[in-house]
Each structure stands twice: as C-alpha cells, then as structure tokens.
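Lettered A, B and C in written order, each chain numbered from 1.
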Amino acid sequence: MKIVVCIKQVPDTKGGVKFNPDGTLDRGAMLAIMNPDDKAGLEAALRLKDEYGAEVTVVTMGLPKAEEVLREAMAMGADKGILVTDRVLGGADTWATSTTIAGAIRNLEYDLIITGRQAIDGDTAQVGPQISEHLDIPVISYAQNIKVEGDSVIVERQYEDRYHVVKAKMPCLITALSELNEPRYMTPGGIFDAYQKELTVWGRADLKDVDDSNIGLKGSPTKIAKASDKVRKGAGEKVTLDPDESVSYIVDKLKVKHVI
Amino acid sequence: MDFTLSKEHEMARTLFKDFAEKEAKPLAQEIDENHRFPRETVDKMAKLGFLGIPVPKEYGGQGCDPLTYAMCVEELSKVCGTTGVIVSAHTSLCCDPIQTYGTEEQKQKYLIPLAKGEKLGAFGLTEPGAGTDAQGQQTKAVLDGEEWVLNGSKCFITNGKEADVYVIFAITGTVEKRGRVSKEISAFIVEKGTPGFTFGTKENKMGICGSSTYELIFTDCRIPKDNLLGQKGKGFNIAMHTLDGGRIGIAAQALGLAEGALETTINYVKERKQFGRAIGAFQNTQFQLADMATKVEAAKMLVYKAAMKKAEYAKNPKISYSVEAAMAKLYAAEVAMEVTTKAVQLHGGYGYIREYDVERMMRDAKITEIYEGTSEVQRMVISGSLLK
Amino acid sequence: MNLEEYKGVYVFAQQVDNEISSIAFELLGKAKDLAKDLNTDVTAVLLGSEVKDLADKLAEYGADKVIVVDDPELKVYRTEPYAHALSSVINQYKPEIVLVGATAIGRDLGPRVSARVATGLTADCTVLEIGDFPLQAIPGQEQKHNQLLMTRPAFGGNTIATIACPDNRPQMATVRAGVMQKIEPIKGAKAVVEEFNPGFTPDHKYVEILEVVKAVTDTVDIMDAKILVSGGRGVGSPENFKILEDLAEVLGATVSCSRAVVDAGWKPKDLQVGQTGKTVRPNVYFAIGISGAIQHVAGMEESDIIIAINKDADAPIFDVADYGIVGDLNKIVPKLTESLKAEIAAK
C-alpha cells in the first residue's frame, strides 16, 4: 500500500501565542510546528504502515524552511519527503494550494491520501476536500478512526451529534482529526537518519497537469481585502477572596447585571 | 570553533523537551513526594530509544553521539532530576563499560537488551567504607571452577532494586608494585535474581527521591566465569574510566536542574507582585537572574565540550576526556546548587514549600556535588592533570 | 466567465434526518440582508429524500424561492451525491452568492463544490457584507462594487481577515453556526418551489454508509443557551461536574466544557466550547477550572459577561474575564449554588 500524507508547517498558536504590547500577534516569536491535525494524519498512516505494511510519503508546500516538518515526519517513520516550493506558488489561497498539491501528487502512485482536517493558522478545512476533487477520488472528511479492508477503507466519519461508518474504495482521500490518535514521538536515532535521507524538492515545473492560472497569488480566486490582528478584549477585575466573600462578590455582580 | 548546534541536535532537543514536558513533568512532584520509581516513564523512554542513545545501532542503540545523550539527560532534569539520573546511571555506568570492555558475547547478551531498554542497568562500586577512596573495597570475588563467588556489599546504588543488569567491582587478589601491596580489583556483570544476590535497605534521601537507591548484598553469589568484564585486575581502571563518562551525565543532570530552576524563576518574578510591581522589576532580582543565567551558560559550554571530547575519544581512544568531564561536573554541580538556592530565595516563602518546583530542584541539586565523585574528587582530578 | 449572468443569493438549506438545521435559518436571515443590498432575492437549495414538505418552513424564515433536489441518493449525507446536486444547481441557476453552514457537512461539501465549479470559498465567516473591492479605490486598478466581503477569524482567532472573490462566481462562503441572526418566522409565508433533478449515477466516488451511530444527548444545544456553566480540567473528575450541574440547574443554565474535558472522555464533544468545538455567546459564561487556552477563548470571548473561577492566579482566562475569582472551585461553587437558591427563593 502506498500512502501520501499532506502536512503543513504552521506557527504554534496553541499555548505559544505571543502578543506585542499593543495586543497584536508577535508572529516572529512563535515556534513553527507540524500542524496538529496533519500530525494525527501522519500517525494514522504510520499505524497503517505498522499494521498492513505501507510506504508513507509526506508532501508539504511552503518555504524552504518547511523542510523541518518533513524531517520530523521522517524521524517519526515516514519513508520519503517531498517539498513543493517555488516563489510563483506563494500567496496561494485554498483553491490554488489544492491545485498545486494535486499537481504534485499526480506524479506519485497512491492508494490513500491523508490530510489533516484543518491547519491551526488558517482553520479552513478546505484543502483536503479540494485536492480530492482535483484528483477525482472520493473524500471522507473528519475521520476519527481508519481501518483498511481489502481494497477499501472503513472510516468513522464524525458529525456534530453522530458518526457514520463509511466504506470507500481506494484510492481515496481522508482528512484526519487530531482526536484520531496520539501521535508518536520521534526517536533520537530516527532524527539523525532523517537528515541523512534524500529529500525531493519540486518547483512549478514539476507539477503535473496544472495551469498557470490556477497557482499562486494570481491563481487564487479569493483576495484579501483587509487583514488585521484582533486586539484582545482586556482583562476585567480579578479578586482573591475567601470562599464566602467570593460567593457574595459573584451574586452582587449577577444582580447588578440583572441576571438574577 | 563553532558554537552552533546542528539541525539534528536542535530537533533532538525539541524531542527531549517535548517528552520531558508531557511525560516527566506531570509526575515529578508526585514521585518525589511518594519516593516512587517512575516505571511508566522508563517504559516510555525505552520504547523511544532513550535508554540507548549513544550505543551503536548494531547493539540495539540509537547510534547518536554523547552530546545528544547529554542533551537528553539535561532536558529530562530540567523538569525532573530523578528521571535524569535514571537515564544517566543506566547509560553511562552500565551500557558504556559493557560497550567499551565487554566481549562480543557479553554485548550480545547484555548490551542489546540494555540499549533497547528491555533491561535497566546499574553500577556497584561504592561500599560503606569505600566511597571516594575506591581502594577501600571489601567485596571479594573468588574463582571456584567455572564460577566466580562474590561476597560483600555495595551501597548507595542508583537504580538499585529496579535494575536487571549490574556492573559490580570486587577484589580478586593483591598486586605488588615497587614493594607496595595493593588490592587487585576486577569488574563483573551480575544479573538480578542470581542466588546470593539480595537487596538491603532502601535509602531515604534528601533529593532525587523517585530514584531507587539501595544496598546490594552478595552472599556466596555465584556468577559464570564469563561474566568477568574486561581483564582480570583492570577493575580500577574500568571504574575510573566509566566514571569519567558518568560525570558527563551527572554534569548534564546538574545543568538541567539549574536551567529548570532559572526558567521557573524567570516566569515567577514576572508574575509575583510586591510593593505594587512585579518582583522582576527590582534591580536585585534582575542582577541575580543575570548572574544565574551567565553561570548556567558557562556550565552548558563545559558540559557540551566534555561530551564532544568524548565523541572524539570514540574515534581515537588515545584522547582523554577525563579533565573536561571533571571540570564540567564540578562546575555544573556547583552552579546547580547556587542557582537552585537563589531560585528558592527569589521565590521567597513559596520557594520553601513543596508545591513549588524550585524546592525540589534545590534538594535534587545537592547530590550532583556528591555522587560519581564529589566536587573535591573532581578538584583532585583537575589539579592532578595540572601538576603531573 | 460572464459575471453579470450570476444573480441571486443562495443558501444551502442543510437538513439532517429530514429536519432543517438551525444554521439554514441563520443563513437565510443573513441572505435576506445581502439580497436587499443587491436588490435581488433569496433562494434556498434543499437537498434530500422526501424533503419537499420542508420548503414552507424555509419560506417562513425568509426564502423567496426554494429549489428542491429530491432523490433517494440524498437520503443520508454523502459528499459525492450532495456535491453533484449542489454544483449542478449552481451551474444551472448561476447564483452570485452561495452560503453554506460551517458545519461538519458544510465544511466538507463547500470545498468539494467550490473546486468543482472552480470558484473561491471563504471558510468559517463571521461577518458578511456587500461592499467595494478594493475597499478603497486604488488608482489604475478597477474598483468593483457590490462584492461580497467575507470576514473571518484566523490564527486561532487572533487575526481577522476580510476576503473578496472579485473575478469568479459564485462568491462562496461557509458561515460559522451561531453567528448570524435568523428572522422572526413569518407564519404562512410561501416561496416559489422549483424541483430540479440533475440525475444521479453512482460512480467510484460514492461511498457506502455501513452504519449511522448517534451520540445520545439530552441537553440543550450550548449555542442556544443564555447562561453557560463551563468546566475545564480543573474540575478534576467527571463526577465532580455534579457541582457545576447543580449551579446550572439553579440558574436555568446549560453545562458546557473545554476541549481538555472532551479529550479526557468526561463529556461528549457537542458540549465543547472553542475553536474545535462550538462558538458560543451567551449572556453569562462561567469558566470554572478552565485555564483559558487561546483555542477555548476564541469560542467564548464574545460572551456578554464572563465570570472565571480558577485557583491559578496566572491562568490566561483572567485576561478575558470580566470578573475573575482566584480560588478553589470546590469551595466556591457549592456555596454559590446555595446562595443563589436562597436569593431566587426570596424573590
């Protein structure tokens, strides 16, 4: 079985969010990490590899620095890494990103493609389903459990108040939830091996069946009209009182605000 | 001279830090309080190869350099000194001598499961009457047919009751050198469960309370003849050389403790307010922190340099890293004690309370000035090299 | 692409088990505003099996027209037949705007359809308005009028971006649930109902549903609650949520929770507030034993009044709380429940 996992390097918005004194985001101070949903997708692929045997290829699109997440993925156990990087690919929205990644994946053999549900910087959840459309294969989003049965996958697909057990013929694309699993750690030796492995770097010219009008900033149907950092609501009062005083404090506030 | 860590080392640090934060830190307070060995953490580390970092891959290890290993102990010790020393004693004091002095059969039988973490290792040199003075040994080994018979006891043994494989030193005779008679010491590999090998009292310690420190007792304990480690009579050299490596591990532990205390304190002084402002706004606090950070950085340089010297030794056994290891351990241990003490002071009353991590860190730091050669022994090693 | 051909504001009227989801009504409410600005009308697209009867309900909430695609293949949501149906409707009717709920269905259907009809899609919008793009005229660049300006948070709610789709039609957005206001239903309102069936031929993209497993829940949807009593990891155990439930009962409130609680298996996912859970904006939000990770805060910071109880004085929740109490929830919450009981009884 051949599995392609799409991953993205993102700033760590979880816990590591740093603010400038004016309340805006200090992007420079934030760590770059492998997107959590993508890491769960990678872990799912590695578990399938452990169980059924598979070759796992990780693909990322980004700046040359994104090599780091490919190395990390290989240190966890991925077999190959492909970095898609080119200045003409910059500024892509989800449409142009999905056409680009689909163009890269067309060069590969695959039975299964796994992406994270969404990235923590954009939170769109769009790229996975869009890739599947470009490749004309079925998609199962929001996977909370994945099994392989013959030439099919059986996936628990999460909804708000239920889940569906869905069977799809491979090749297909699955988007993974971070709840899917607890990703494994790298190993020390795996890290050093990962840096010895060859990394494939592809540019625009390596993308298969992709029109220039569908890539990068120019190929993005959506355009940013305005972007600003949200200044967070300031802190209100903070008090340290004994339990009885705390209770009367809260009750008073609820009265003042006509809640009771 | 290049002070930049490679990308591999940076990523390894991320791994160790991530593991320490998620797995070791949540247990640190509880295992300290209950004097409980963190078996679950050891099992997790075993799975990830943390118990065989500098051991070659053909012997089940990770094939990394001593610096990667030192960074592992450092990051673990930042959040939990106990977890740091478990790895250090296992790797430096048990895997390392078997890797260096063991026969191929011994490596196959013992080193592979140790490096894979299937077994845990320990080291028995110290005796009630022989601490700094290793020549004061009383434990004896006598060859009887195809077996060595061990009698005597070892004390203060880290990983004591939790280990499976022990490197044990014992007297195997006397040697006469220039008219002076001295004890001949040899090294042995002893497995847990060998008849005649039992455990004495568990030590109730000031710090590193989660580590298992026991007395080992040998009463007519018979081990196979083939379990002699290295040449007969070379035990003293094996012990001293093993401790050179061990000191890098302990130096890394001390460094980690100091760094952990410094980080904790930096966060604390930003938040703790007195006289209407954060205590970090007071110049006394700032200057204290500046001194602490500078010493931590200096200690780090010494520890990393010693680790890198040990990597050179791996390529060329003529190179000695004994002095570098002694300097790293001496300095890092004293910095650990100083920085953790200051950290407690900057925490004020809270620093004296068990709920706050710096209290534990200060207790954990003290041992780094004592075990695997006290600071005084390190000074002897260093000055000895200056005046030879 | 002749952009002028595209007319009308369309809403994907999500139904599950032949019951229209609340998000459909919210979208209709917003669509009405947008249609007014554009001087056009609102069309609901209703996909399902035996769903025609639901059209009147959509009319009551503001649909001028309802396009119904009724086919057995659409009985339970599956990506391919739904994507085929919605993209066929788009190709046939050429709407200028298509709104889809940012639900577990919409966030799958939306991107698949947008890729099929080759247009942009903006995810998880919280504000939609009609305006110019670029916002200010730039010399030498055409300023387009009557564009859909879609505003959405990103970076875990730390940044806000306004996005347009000036050169492609339709302009598509998924819209976060609980953000748009539905209108007061107009009883007896009728819409023009048009049936359309593009024909369904199962192919390799059709998946098979082996089982539908519903999570049992008897609680009010936390997005509809006026008062939420929300617990985090600090509550300590699933059993200890009892003290929060007691407080909620006195106040007529609903219990919700943080992600940590769901991850620990203490509470079901549909009670989770936050970025990967639900966005709530109740009148009062009690954050009890919740540290206030940015992902959580992103889902509740719009609440009118936030009251936080946490023993850690440095917990980030205090940065957004209107009233923060540093203390032990186990001591405060039961007493608060008793005290409120007495207050309410006295009235």
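Things worth noting here:
Here is the rule we use: contacts are C-beta pairs under 8 Å (C-beta built on N, C-alpha and C of every residue); 3 or more make two chains touch, one makes a residue touch a chain.
Note that the structure is predicted; figures quoted are calculated from it, not measured.
Here the chain pair with the top count of touching C-beta pairs is A-C. Among the chains, the centre nearest to the mean of all shown protein C-alpha atoms is found for A. Distance from the chain A centre to the chain C centre is 21 Å, each centre being the mean of its Cα atoms. Taking each chain's centre as the mean of its C-alpha atoms, chain B lies 55 Å from chain C. Computed centre separation for the pair chain A/chain B is 40 angstrom, with centres defined by C-alpha atoms. Annotation for chain C: residues touching 2 or more other chains are 313.
Touching two or more other chains at once is no residue of chain A.
Of all residues in chain A, those touching chain B in their complex are 68, 71-72, 75, 185-189, 191-192, 195.
Residue ranges of chain B in contact with chain A, taken from their complex: 7-8, 11-12, 15, 18-19, 48-50, 53, 57, 61-64, 68, 72. If you check the complex, the residues on chain C that touch chain A are 16, 76-80, 83, 103-105, 107-108, 110-112, 114-116, 118-124, 133-135, 149, 153-168, 204-215, 217, 227, 251, 263, 269-270, 275-276, 283-284, 293-295, 301, 305-307, 309, 313, 318-328, 331-332, 335-336, 339-340, 343-344. Residues 11, 13-15, 17, 25, 93-95, 98, 120-130, 132-134, 136-142, 154, 158-169, 172, 178-179, 220-230, 232-244, 246-251, 253-255, 257, 259-260 of chain A are the ones touching chain C in the complex.
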